[in-house]
Structures are given as C-alpha cells and as structure tokens.
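Next up: the structures, one after another.
Each of the next two complexes has chain A plus one more chain, namely chain B in the first and chain C in the second.
For the complex of A and B:
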C-alpha cells in the first residue's frame, strides 16, 4: 500500500514537471518571437541614419562647390564673404534668395536644413530650423576668405560653416 | 510559426540595410572618384560630377564587402526648372525580380565651365 502511494506521487510530480517544461519552452519561443519583431528594424534604422548623415555631408559639399549664378562664387564662399566684408560681391538680399532656392531644391521632402556661418562674434543663418525635429544630422567645416589689409599682406580668415539637416518626420 | 516569420522579417530587414549601405558606398565611390571632375592642373574635385565622364561610364559593377553589385546612375539638373536628366549611354536596365535600393544625393554638376547644383540618383542591386 505504501509503495503504491509513493509511485503515484512520483508519477504526478513527473507530470507537473513535464507540463512546466513545455510551458517554459512555449514562453521562450513567444519571447524570442517578440524580441525579433521588436529589434528587426534596428539595422534598417541605423542604415537610414548613416545615409542621412551622408546626405547632410553631400548637401554641404554641394553648397561649397556649386556657384551662385550668374556669379562664379560658391554658395558658402558667398555667405562667408557676406559675413566678413562690408561690401561683398553678392548682395545679402540676392544671396538669401539664392540660398533659399538651392536649399529648397537640394533638401529632400520631409526634411529641413539650416546653414549657419560664424566668424568672431558675427553669425549668419539661412534656411529654416523647424520647431521640433525627430533627428538632426550635422556637418561642419571651414571656409577661407582672403582679406587685403592696409600695409599688411593678404590675411586669410577662416569662417566656421555648419549645415544641419533636420528630419521633421 | 511566429518565430519563423519574425526571423524571416529580421533577415529581410538586415538584407535591406546591407543593400542600402552598399548603395551609399557605390554612390560615394562614384562622386568622389570615378565621376569626379579633374581640372586642367590634375586636381580632382570630389562631389563635382563631370558630365562627360558620366556619359561615357562603361562599368556598372562594383564589389562591396565581398559581394558584387550592379547599379544604374543618373544626374538630374533641375535648379532652374529645366529638368534635364543626364545618363550614361550604356546604363543597365533595372531587373524586375531583384530587391533594389535607390539613393538620391546632392552633388555639383560640372557642365561647360559652370558648377551647377544637381542630384545624383543611384539604383543598386545584387549582381
């Protein structure tokens, strides 16, 4: 009688252990599925971020190399001249309009860009900074401007230029 | 089934990320090296696309990270509303059944002594 009871108890315990093992395995499978679903877009998101950083660098390089027509001066160079000289070759109004047009053309839909140039305490900004942006990608560099000074040789001035690409979303 | 579906989607997302990075790499190679304008002094101008080089481009295959990719390239110059698209003479056709990635980056187009803002479009797929 005692032996029978002991065997029954063991069988019941083994049954509970089996059910628990199956339940844990099931939960594990569900958890893996949920985790894969949660993180499956991470590589794609990182790739998109890298691509947008590259986009901001390309926009900066385009502004640094393409000309404000009909002048033979690049957008960033003209902007730097406007900051340094009191009478630049390209007037401030003309440059603002040209910069607005080029940014409208180069910046993809759903994004906004801001170009900021800084020299000593002076600063000039073109483009629009949105009130809120999901992400922003910054590329900066320097633009050199040569200024002739009385009784001194030409002086090279370095103007800090920054382009920020905003993902408005 | 849930895990298999999630894994398949994860694989597909990773493939897309890889293709996107490879397309970025191809575009950078084209803009900084292969199609970059070289002036009379021999100085190369990165991110300035030479129209003549673009039109005469012959090779549309590139290996990135040990894998071979094929691409299609064009440059759109539409700053003044003209809408002119410049393509190589032998641009390959886009395959219908393969996953592809298209990237559009800002570049400068060198055309008849002028530096014009433009956009380069690169469409890449596995060869």
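For the complex of A and C:
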C-alpha cells in the first residue's frame, strides 16, 4: 500500500512537469509567432510609405512639367504667376478648373491630394483635404519667377509649393 | 527509472528549444534589420533623386524666365543689349539664394559662360544648355550628382531687333506713307505686329510684338 501511494505521488508530479513543459513551449511558440509577425509587417509598412512617397513625387513632378492647355505654362508655374502677378496670363478661374481636373486624373482611388502655394502672406490651395487620413506624405519645392526691370534684391521671386498626398484607406 | 528521467530530459529539451529560439530570433532580427536598412537606403535614393529632379525642373523654368526677362530688359534699354550676361546674372541670383530641404545638403555651383551655352537660333529665338556640377547629399550618405538644363525660349529677340531696325531705317525716310500697314502686311506671316510711334512727323519708337510669344519691346 505504501509503495503504491509513493508511486502514485511520483506520477502526479511528473504529470505537472509535463503539462508545464508543454505550456511553456506553447507560450514560446505564441511569442515567437507574434515577434515574427511584427518583423514581417515592418518592412511592409515601410514599403507602403515608400509607395506614398513615390506617388507624391510623381504628382508634383507632373504638375511642375505638364502644361495648362492651351497655354505653354506648367500648372505650378501658372499657379505661381497667379499668386504673384496682378494680371497673370492664365485666369484664376480657368486655372482652378484645370488644376482640379488634373488632380482628379492623377490621384489614384483611395487617395486625396492638396496643392498649396505660398508667397509672403498670400496663399492659394487646390485639391481636397480629407477629414481623416491614415497616412500623409508631403513633397515640397520652389518655383522661381524672374521679374524684369526690378532691383537685384526683388528680382527673384520664390514661391513655396507643397503637395500633400493623403492615404484615405 | 525510465519514467524518472523524463523530467530532466524535458528540461534539457526546453533549454535546447530556448537556445534554438534565441538563435532563430537573432537571425530573423538581423534579416529584418537588413531589409529595413535596404528600404531606408532606397527611400533616401528616392528622396535625393526627387530633390535633384525638383531643383532641375525649377532651374529650367527659372532659366526660361531669366531669358525672357533678359530679352525684355535688353529691348527697353538700347544702351545695353547684352542678353547673355543678363541671363547668367539672373540665373546666378536664383542659385545664390540656395535651397533648404530637411536631411539634405544641397550644393549648386554658379554658372558662367563656360557651363551655360546660349545659342541664337536662325529664327531669332534662343536655346540654352547647361550642366551644373550640383550635389544633393542625404544624411545617410546617398548622393545625387549633376543638374542638366535645356531650354528653348519662344521670343525671337534677334529677329524682333532686326525687324525693328529695318522699320526704323524705313520710317526715317519721310516719303514712306502708310509704312506701318505695309510692314504689318509683310511680317504678318511671321506672327509679328509692328507699331510706329511718331512725334512731329518723325518716327520715335518702333514697337514689335511677337504674337506667338507674348509681348516683347524693341526700341
């Protein structure tokens, strides 16, 4: 009887150790799974950021180089002229319409873009800023206009241009 | 006895699992860091390339604006009709103002008559070509080198100057009646419009408009 009771006690202890070992291994598997999952997703998020960056650069460059038909001026140059000059070549109404159209064409579904030009205290904005966005990326540049018949310090006009691309999701 | 040895075997097995997990974790972490570093470098490459491209586009438009402004000033200042030096001066004034981008160091050298080639075309317009040894350096060490400029400007300054000279010589001869209409008929095919401003029967100013390229004044 005594021997039987002793063996039963040992079997119970071994059973606890086995369960503990299995539980620890299970926890390890879960923890490693979570860590691997995190590591797998971080480059994916970085790649998404890179896509957003490339898209914003592409849209900015397109606006900087493509012309507002039928005028031989780029969208950003025309926008800068509208901000600086009292009598620009392209009227603000026509430019607004053309800018909205080109942004609709360039911005992919699920995204939104806003173009902002700033010169001293004047500012013009085109596009639509969403109420909420998952992510956003800003690409900025300068548009310079040389003014004829001006003093040296006032000859070069620098207009700050910013394109913000929003990922609505 | 065999059953008694099960617990130590399990303990050794768990230690083995822990070591293997740590080694696997370190390997995955190193791989992950390499991936992230590669993506960061690619993003830095994209950033410097985009900045370089943005500056290049801006300088191309600046050069275009500078040539038009230089032609305009040369037209209204008969005492100094040097277009080329004006263009170089205007462009250098913009370059001297510099660029400011976060995480990037931008160096654009000033241009001169050696780096900026200005060519008068047969129709009196101008073509400009330049290569500036610019450097856009990201803080991660990625560098973009060189900016290329290539601009064709529509105003045909030399042609306008020539036509204005011819019109002025003709206008000095008093026997020419209705000269303005005749000149406009002759040069309409080139898209030129000529206006003669006279005072006391003598031609004072000849204004030539290039209807294809906006207003240019040559006196």
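Here is the rule we go by: the second predicted complex is superposed on the first by the 139 of 169 C-alpha atoms of A that agree within 3 Å, B and C clash if a C-alpha of one lies under 4 Å from a C-alpha of the other, contacts with A are read in each partner's own complex, and residues count from 1 in each chain.
Simple rule for what comes next: a residue touches a chain if its C-beta (ideal position, glycine included) is under 8 Å from a C-beta of that chain, and two chains touch if they have at least 3 such contacts.
Source: prediction; values computed, not measured.
In the superposition on chain A, A:146 makes contact with chain C only, while chain B stays out of contact range.
When the two structures are aligned on the shared chain, A:17 is found in touch with chain C, with no touch to chain B. Of the two partner chains, chain C is the only one touched by A:77; chain B is not.
Of the two partners chain B and chain C, more chain A residues are in touch with C. When the two structures are aligned on the shared chain, A:112 is found in touch with neither chain B nor chain C. With both structures placed on the common chain, the touch criterion links A:90 to neither chain B nor chain C. Shared-chain residue A:158: touches chain C; no touch with chain B. Once chain A of one complex is fitted onto chain A of the other, the partner contacts of A:138 are absent, as it touches neither chain B nor chain C.
By the touch criterion stated above, A:55 is placed in contact with chain B alone, chain C being left untouched. Applying the stated contact rule after C-alpha superposition, one finds that A:25 touches chain C and leaves chain B untouched. In the superposition on chain A, chain A positions 32, 36, 39, 43, 46-47, 50, 54, 61, 65, 74 are in contact with chain B in one complex as well as with chain C in the other.
Across the complex, chain A is touched by residues 3-4, 6-7, 10-11, 13-14, 17-18, 21, 24-25, 28-29, 32, 35-36, 39-40, 42-43, 46-47, 50, 53-55, 57-58, 61-62, 65-66, 68-70, 72-73, 76, 90, 93-94, 97, 99, 101, 154, 214 of chain C. Contact residues of chain B toward chain A in the complex are 2-3, 5-7, 9-10, 13-14, 16-18, 20-21, 24, 28, 31, 45-48, 78-79, 103-108, 114-117, 119.
Residue ranges of chain A in contact with chain B, taken from their complex: 29-30, 32-34, 36-37, 39-41, 43-44, 46-48, 50-51, 54-55, 58-59, 61-63, 65-67, 69, 74, 101-102, 105-106, 108.
Residues 10-11, 14, 17-18, 21, 24-25, 28, 32, 35-36, 39, 42-43, 46-47, 49-50, 53-54, 57, 60-61, 64-65, 72, 74, 77, 89, 139-149, 152, 155-156, 158 of chain A are the ones touching chain C in the complex.
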